[in-house]
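Look at the two complexes coming up: chain A is in both, with chain B in one and chain C in the other.
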Partner chain A sequence: MKRWLPLIIFAALGGFFYIGLHLDPREVPSPFIGKPAPAFMLPVIGQPGVTFSPEQNKGKVWLLNVWAPWCVACRQEHGALMQLAQAGVPIYGLNWKDKDREAESLLAQKGSPYTVSVDDLDGRVGIDYGVTGTPETFVIDKGGIIRMKHIGPINADNWQAKFEPLLKELNQ
Partner chain B sequence: MKRLFMVLFASLVMPVWAGDAVPVGEDPAIEARMVNLATELRCLVCQNESLAGSHAELAEDLRREIRDQMKQGKSDKEVVTYLTDRYGDFVLYRPPFRSYTLLLWLGPVVFLGIGGVAWFLTLRRRRSLKATDQVSAASLKQAADLLDEKQD
Partner chain C sequence: MIPEIGQFALILALLLALAQGILPIIGAHRGNATLMAVARPAAQGQFVFVAIAFGCLAYSFLTNDFTVENVARNSFSQLPLIYRFTATWGSHEGSILLWTLVLAFWTVAVTVFSRHLPEDMAARVIGVMGLVSVGFLAFILVTSSPFTRIFPAPMDGNDMNPLLQDPGMVFHPPMLYMGYVGFSVAFAFAIAALLSGRFDAAWARWSRPWTTVAWVFLTIGITAGSWWAYNELGWGGWWFWDPTENASFIPWLAGTALIHSLAATEKRGAFKGWTVLLAILAFSMSLLGTFLVRSGVLSSVHAFATDPTRGIFILGFLGVVIGGSLVLYAIRVPKMESGGSFSWFSRESMLLVNNVVVVAALGSVLLGTLYPLFMDALGMGKISVGPPYFNAVFVPLIAPAMFLAGIGPLVRWKQASLPDLAKRLRIAFFVAVASALLLPLVAGGFNWMASVGIALSLWIVFTVMIGFVERLKHEPGNKLAALWKLPRGFWGMQLGHFGLAWVVAGIALVSAYETERNVKMNVGDNVEIAGYTMTFQGVVMHDGPNYRAARGTLDVSKDGKPAFVLHPEKRIYNASGMPMTEAAIDYGFSRDVYAALGEELGPNEWTVRVFYKPFIGWIWVAGGLLALGGTLAAFDRRYRIAMKKAAEPAKAKGVAVEGAKA
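The block that comes next holds the complex of A and B.
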């Protein structure tokens, strides 16, 4: 027993480190899961005078995608979002802290996956949603309840693993 | 010439110095309260830095938010609730004692206990070793002879 003790301790430590390797420190658990999506009313990009509020989407399952023109990872997921939008997934954008006002021209140039994207210039609405960085995507159900938060870019893999089953369930 | 150099040198240093100045709120009392509270809070972007010390943009925004709320007369507790409502207990460097923080709070005590038990057992074994391992006079003589031999 005594001879094996160092090996046992090493194996236990190794086990912890191995698990730690697969944990993402950015995956902070969101306190919003199962709670109503915070209300806001923000101007829609490219449509002067028009505003959007989550209230308007009651009765619909939709995605709120937090993005920014200065965000590199958002460009990574742009292609995936375009495909989803074409497949009929309602994606709403929250343009977070776009100080240089580039969103409108960028969407015109690259194509917009968003039904509408709103402008959160000072980042306050982002803070209300507990956003720590871009991109982050919230799944909001018909009753306006946040059901899931995804941190990082959406791709085919995590869409199939995380989003698709949930959306299917919520849309029933 | 020397003076010219000094002027040149000063002009080199000045812009760098000016760039490092940290913007401070108008009210020093609120600023002190904000910094005091923010050192207890975790920056969500660079997670090993406090909200007071971080240069991340989100940290700046959150400091602004804390400052604004304090100006509105909110207590420290209300401000902390505002942040935990949005970012969870994760923002607190001293999270509350809950079922999922049990290991965090009690872990050190458990490890201290394990260490204490190991220490106690080791000491007891050493004491018993001393008591039983008595060297006989013959062995001592043999050892002395061997040592003498080597010295020759």
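The block that comes next holds the complex of A and C.
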């Protein structure tokens, strides 16, 4: 029996690895899910004097997309966001820690998928939302409650798997 | 055209690897010399084609061929030439290709330096390595082709990850892979022994130098990696217990245990089964490391692009290689005779305890690395395991091994006398303990880790000296000449242990006595650290080849006199827009002074992190000494004699054949 022990240990490890392959270690459950979206009031990029607050979206299901001009992964999801925006999905941007003030020119140049994008220069609102990096996307329901948080770029696969069913349910 | 040649070369290499993996093993089983003779040419041919493929990829990178997807994603036209070359292995696909190239290289080395082996043994060893290569070539061709074209081709590439744009990247991955993959030779020898059922001292003597050389490369690779992290990550740390670092450290521990166990098997025929198991373990841990890094089951600062199909493929491959070897082991191990008997206090028993301790330490690192995965798989939540766990568990586990490293070399084989040894070592023991107790007075402040670390390293240093003295006592004539003539194996062991002592001393001192300050600075502000006064002279913009940098200037003075100037940088890379911290370090034998720019708070107002790191350089110098010790041990005279002896009868046989013809 003893001589089979190494094999048994390895088989057990292999089982864990197999399960582990189907899990995403980067996906940390957000404690904000099921809680009201933290309030803020921030200036809208490209519209001097205008501000946006989540209060204004009460009664609407919407996405809050945390992004930054310096973020490479955000560029990856830009195309997908543009398509979603054209399909009528309300996406609001939170431009996180944009110290070089590049967001406005970048959106003008590449096109903006956002209904509006606000400027979180010092990253304080990001902290309120528990943002760990960019991009992150929150789904907020009609009552202003956070229903889902997605870490990483949005693409066709995860949109169909995660977002679409939830949005359908929330919009009913 | 060139990328297609590369792809085609890979396919040919796979076919040759299949021939190399299957025919010689069948030949060895049936005693068919023709089939066995396939091993060497097939392995050498395979190497040629893998090298062609690697060359094609390197060419695509050097010529900025952005029609190749891998080049477009991982390189950039403004990238300096040397990094365009290292970008060849900077991506997932390229690094697996490098893995395969290194494996083919080791196999060729075996084909050249195995003339003294019995033909069936050499055929089995080369065959097993061929089978491993089949797995990796298939992995590349099925899931990770580096030669895939992209259409339409982008105008320019996405740039190499700025973290990898460091001179350390030139040496670190190839060295690490030479080590990782080098254990495949010891593994192949173990499997060949299991297949043939012959476990003699000769087997251990054959595989020992190979194992030591692989271990040397791994030591250099890990040391270089730690050096890279220290210089490039800007946190001032040199080891983070990151899963990817652990993935290289675990095979290193297994290899360390294997080297010691092989010594007992070669000299005394002791613990054969255990040695075979360790040889399987060392290579399995290398493969496991590759799996952990490549599959994305663990998150890590090193995370490359991850893809579950690749994970499934490597896991399946792991199952075949490791599972298959362990089944073979379980079937064959009852046939092994145990070697000569030894008493509870002997060189054998010391080596065995050393092995148990090192493997237990390995287990603790493996457990900590995989624990988040276990918890997640069992649905018990997401956790991460960090340095506090590893420091608290690994350090006390490995400390007894340090103590034994002092005793072991002085204990006789088979049976030794404890009272006798105690008499020989008591002075060393008391001096080591006394120095450790005095250290806080010199260093200014007691720290148990520093004291224990210094006690252990002095203990090893003294016992190394005693080892030399006792060895020379019996040599006649000029002692200095005799010292020079001591076997390289002896020198290697002593230097290795001395290097270990030095590493431990460096780690203990820097961990205990380093200081750090994190301050906000305007132009003209001063910060004081460990007797150095740094004056912030502001930041100027400066253009690098593929980045823009904010370059700070810190004038450093000691005792009122200007000492040196540091230029820490904050870089933004043009293609990716990624910010990078480039630390500035003034290196010294007894201390480093380290500065890094933090965040820009306002015009010429920055947060600045400064560190004073006593004796940190010792870690890398001593790492080099460890490698030197291993190198000497691997090239001991007895291995060369064995090869020469084997070559002579072969020649004689050739003459006899010619004679018969005549």
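Everything that follows uses one rule, which is that the second predicted complex is superposed on the first by the 160 of 172 C-alpha atoms of A that agree within 3 Å, B and C clash if a C-alpha of one lies under 4 Å from a C-alpha of the other, contacts with A are read in each partner's own complex, and residues count from 1 in each chain.
The definition used in the following text is that a residue touches a chain if its C-beta (ideal position, glycine included) is under 8 Å from a C-beta of that chain, and two chains touch if they have at least 3 such contacts.
Source: prediction; values computed, not measured.
Colleague: A:87 in the overlay: touching chain B, chain C, both, or neither? Say first, second, both or neither.
Modeller: After superposition on chain A, A:87 lies in contact with neither partner.
Colleague: Looking at chain A, does chain C or chain B touch more of its residues?
Modeller: For chain A, the partner with the higher number of touched residues is C.
Colleague: Once the structures are superposed on A, label A:18 by its partner contacts, choosing first (chain B), second (chain C), both or neither.
Modeller: In the superposition, A:18 touches chain C alone.
Colleague: Pick one for A:132: touches chain B only (first), chain C only (second), both, or neither.
Modeller: A:132: touches chain B, not chain C.
Colleague: Does chain B (first) or chain C (second) touch A:31, or do both, or does neither?
Modeller: In the superposition, A:31 touches chain B alone.
Colleague: Which partner chains sit in contact with A:161 here, chain B, chain C, both or neither? Use first/second/both/neither.
Modeller: In the superposition, A:161 touches no partner, neither chain B nor chain C.
Colleague: Using the touch definition from the top, say if A:123 reaches chain B (first), chain C (second), both or neither.
Modeller: first
Colleague: Which residues would you name on chain A as touching chain B in one complex and chain C in the other?
Modeller: In chain A, positions 25, 28-29 sit in both the chain B and chain C interfaces.
Colleague: What part of chain A is in contact with chain C in the complex they form?
Modeller: Listed in rising order, the residues are 3-4, 6-7, 10-11, 13-14, 16-23, 25-29, 69-72, 99.
Colleague: In their complex, what parts of chain A are in touch with chain B?
Modeller: Where chain A meets chain B, its residues are 25, 28-31, 97, 122-124, 127-130, 132-133.
Colleague: Contact residues on chain C for chain A in the complex?
Modeller: It comes out as residues 158, 277, 280, 284, 291, 295-299, 308, 311-312, 315, 318-319, 322-323, 326-327, 329-330, 333-334, 370, 372-374, 376-377, 382, 572, 576-579, 600.
Colleague: For chain B, which residues count as touching chain A in their complex?
Modeller: 44-45, 47, 57-58, 61-62, 65, 84-88, 90
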